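Input: structures, listed below.
You will see chain A twice below: alongside chain B first, and alongside chain C after that.
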Partner chain A sequence: MSGTNGTGGTMWAVTGVGGVAPEPGAGDGDWFDHRVRLGPRGYKYLPAAAQYLLAAARAALADGGRTDAVPADRRGAALALNGGFAGLFDSMDRRIALEGGAAGLSPATAPFFAVSLLGSRLTSELSLKAFALTLASPKVAALEAVEAGGRALAAGRCDTLLVGAAEHRLPESPSGDGFPAGDGFPAGEGEQGAVALTLEPRSAAEARGARVRGTVAARSLFVPPGRELPAGLVSGAVRRLLSDLDTTVEVHHVLDGSPFAATVAAAVDRAAGATGRVTPAGAGCLAAAQALAGSLTGPPGTRLLTTVTREGHAALALVRTGPDPYRGPGTSHTSQKRGTH
Partner chain B sequence: MTGEVVVTGIGAVTCHGGGTDTLWRAMTAARIRRPDEPADPLAVMDLPRINLVPDPDLRAARATRFAVAAAREALADAGLTGLSEAAVVLGSCMGEPGPNERERGGDRWTAPFRLASATATRLGLAGVAHDVGNACSAGGYALGMAYDMVRAGEADVVLAGGSDAYSRVALGCFNRLGAVDPDRCRPFETDRSGTVFAEGAGILVVESAAHAAARGATAPLTLAGSGWSCDAGHVTAPHADGEQIVRAMREAVGPAGGATAIGCVIPHGTGTRLGDEVESQALHRVFGERTPDVPLYSLKALLGHAGGASAALGAVAGALILRDGHVPRNVPLREQDPGCDVWLPQRAPVPLPRDRRRVLVNAYGFGGSNSSLVLEGAAA
Partner chain C sequence: MTETTVSNPATGTPSLDKEGLRVLVAEILDLDVAEVTDDAHFVDDLDVDSLMALEITVRLEREYAVRMAESELVAITSLQGTYDLLERKLKEKGQAA
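Let's look at the complex of A and B:
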């Protein structure tokens, strides 16, 4: 009995890529000034992750993305975060539990107990009314946003899509008593910044003369920790993304250091016929998003990005930049499958 | 994307206890339930009111516990015990918040949205696992994702729904926003003054019709439509014109004629003043002159507002209504708000006509995150 039986997927054109992140060594408080990045008024009470996301989205539009190429009802958003609001939640919990109670909370920030408000200002400013989907699975959420958002595009829920991921540093001391941050990251650390991409069907991008940064598709997998990797699961996922014409594939793994991550990465390498380079995952989903943005803005080529977590999540994204091997008169934009053509 | 999508199993955990039988008994009894006060000495707020699942351990991973219990019931209901591969898509407003709140059992910060992976792990399911964080419409988005996955041929079986549990931060924030009714959750009543949060989980087995037929599943329900939209406006309040919630409903019910086959609506209806009014007016736009003849089942009057689980519990309740063939009477209203001109049956169950065996379920969240879905019963 099969739970998943994917049949391949469309490669979506990426017309804009934007991001914000601190320079190495930048202090926590001085790398992002919302008054400079976003405007002098109206952004002070937005959580930091939402500020970063808005700045990244504006950068993606400045890079050529055009969410307004279609009516507002046809503009979707697929957003991702893990610990982006964790610091805010911790400060609110401290106020409620230890510092006088809920009456002392700021009414301006109280609504943000809902993580989906990561995108509230973004959807408002860009009139993204088709939907705003929020993915939050550990570390893979950004690639899940590409996958789920792309599926929504294919389902006709929207005609353009803004994919975004944002994180902010983890709380200093969530329990107030020397409580360490999780997942191997010291308290007060974690990721900071955001990435945004604008996606649409390639035909639509070309029809309006847009520059296409590249094309992207993503797939995700899950295997319960401790269970042997089901035969063919990873190779099947890779096969559904890559095609016979992807003769040279550059592989990049963003891994959390777990044995499961190493096992999946090795399986991806075997399936892709390459040896992937490995970089560390962060505390949240931003490292994979940044790697994806880097793939899209790099030199021409075909790249396979993998991120895998100890919880059993794995996500893969295929990026093609430069000439599309399937572009030509009468050809579709759907990635043909290895072993099926 | 053309394949038919069916629902072959349902499971629920609510403030009335575990199991869909328990839920149906509560629905048909239609009794008023007063909110609980969590045994949390650090919940310093004026109205620490919430409808708790009868499980006293506030230090446990409650949202996961509820999701797993509901998922087990749904799989058994579908006749899918022993399954080793399936997709799991779970919506939640808060994920598993307890471990990151003081004195609730955690010893390190953990990403709160691990419900899908934890549920899949406990059930031994490989495939995919997605956590959806769309606030109080999360369960509706999760079911919409499941719908898309099956129609795209990406999955044959998806366990989809939502789960939410007590969060001190969420309840404190709702207190600060003045959004908690001091009495109980009273949608559509004249003097309602907010909502009351609730714990719970609702899980559905969403399956391709071909897969269900091949294994001999009989008389399944159909997940007939799913609509999403976003107000892209105010952070907390719905847009007064209701344009986007109308669009989500229309997308879910389908093209011309779709609305005429709806025999029951399970509204979002939380008890907030503006929200209930806007939804009532939107229902008039969708159903037109039929509106007075479309019964609403106000689930939150019975359960409270289960956040990201509410749409999934609405879908479970819709499935129970379709299986039974009657819309239960609602929890009695003291006085219905004349600004909410909708039919909330009070005295007796309303039979579903043979040509209206469809239930529309609405769910809306902060940020104007709207979802609607339609369940259709097998031919009577």
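Let's look at the complex of A and C:
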């Protein structure tokens, strides 16, 4: 087991952080050349989101992540994607419906007919054979991937975990009318890029002398649309994450602008005793993933990241960077005893 | 994408040009055109696997408006073999028209 956050909730060590994203103002087609980023041949037919994910994962490994520190059947993957395959699905639908049926589908791209195929090349290339899970909950999928992957680590289903999130721009409207493709984001826009993290028990990372970027844990909540936010739901989740840590918590909300998101964010602020900074969510799950990566590579501190959507999803991630809060002087948490071994 | 076929206005049958076919095959296989020599073996020399062989077949059928029988696919092992097969298919198609 790794370090805990005081009530038995495990904080996982992050040993590698990687990401790819376009520079502001970069054109759609020229910011990512798969031949340069991935290799001269063999990646052409990968959907763009899968190309981004693979590049981000390689960057996470270059950053110090070592999925190969354990046998292939002990390496897991928890991935996240919302609309990143939408353009591909649209083109498949058009070909089937209007251009000769399924026989006309490209055999090389047809294998990517479902979001769960996002990581097919990634898991093959990195031999992540313990399990591969793809989450697609609106906007919270990346944090849910940390939560679900962490559960798998805790359950012993794997010894190392690659968490990844990827998105690609939303498809153009066939009529070119700019009609919103989803959640108010105009067709043809949306997030582009990917983030990847390598997680493992802190004890394992320390045993091999790895640099630990920070530790992370995540929890998710759901409230059906139209229902009141149950009293104590958010504060309970925050309390379980923060536990008895007595440090100042920096809060960051990635919100979609809905009343529900504002309500949950306010409840998080109250529970954490902080006023959170708010940044807008994107069309998919990438904004939260990038915020998480930013927290892990930022200055030392304790950060609580929240993502909430109008559909009733909420996810929280606790990130600690810098000196180990369970080992430093002045901390006397029970988690010291429950922690690394 | 590079256009590789031009319809014969008299018959409506796409015409075949070997250099155009070479460009198309190179594009499908993500190779430089120079690597697709007449006799380069798709499997042995160009690392074509079964999925890419299917991709070539589907694209050829679409570009040249022909249907390939499974028994004919054995000919698609090099550019020259593919060209010969397409030339025959298009000639048959033209005669049928």
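Operating definition for what follows: the second predicted complex is superposed on the first by the 311 of 341 C-alpha atoms of A that agree within 3 Å, B and C clash if a C-alpha of one lies under 4 Å from a C-alpha of the other, contacts with A are read in each partner's own complex, and residues count from 1 in each chain.
Just so it is clear, a contact is a pair of C-beta atoms (placed from the backbone, for glycine too) under 8 Å apart; a residue touches a chain by one contact, two chains touch by 3 or more.
The structure displayed is predicted, hence computed values, not measured ones.
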item	value
Fit-or-clash call for chain B and chain C when the two complexes are aligned on chain A	fit
Partner chain in contact with A:19 - chain B first, chain C second, else both or neither	neither
Chain B versus chain C as contact partner of A:77, first or second or both or neither	first
Per-residue contact with chain A, leading partner among chain C and chain B	B
Angular separation of chain B and chain C about chain A, which is computed from CA centres of the superposed model and rounded to the nearest 10 °	70
Which of chain B and chain C A:89 touches, first, second, both or neither	first
First, second, both or neither for A:107, with chain B first and chain C second	both
Partner chain in contact with A:201 - chain B first, chain C second, else both or neither	neither
First, second, both or neither for A:65, with chain B first and chain C second	neither
Contacts of A:44 with chain B and chain C, given as first, second, both or neither	second
Minimal inter-chain CA distance - chain C and chain B, angstrom	9
Overlap of chain C and chain B interfaces on chain A (superposed complexes)	103, 105, 107, 111
Of all residues in chain B, those that touch chain A in their complex	1, 42-46, 83-88, 93-95, 97, 100-103, 106-114, 116-117, 120-121, 124-136, 138, 141, 145, 148-149, 151-158, 167-177, 215, 228-233, 235-236, 244, 247, 365-369
Chain A to chain B touching residues, read off their complex	1-7, 72-73, 77, 81-83, 86, 89-90, 92-98, 100-103, 105, 107, 110-117, 119-120, 123-124, 126-139, 141, 144, 148, 151-152, 154-157, 170-171, 174-176, 179-183, 187, 220-225, 227, 230, 233, 284, 311-313
For the chain A and chain C complex, residues of the former touching the latter	41-42, 44-45, 103-108, 111
Residue ranges of chain C in contact with chain A within the complex	30-31, 51-52, 54-55, 58-59, 62
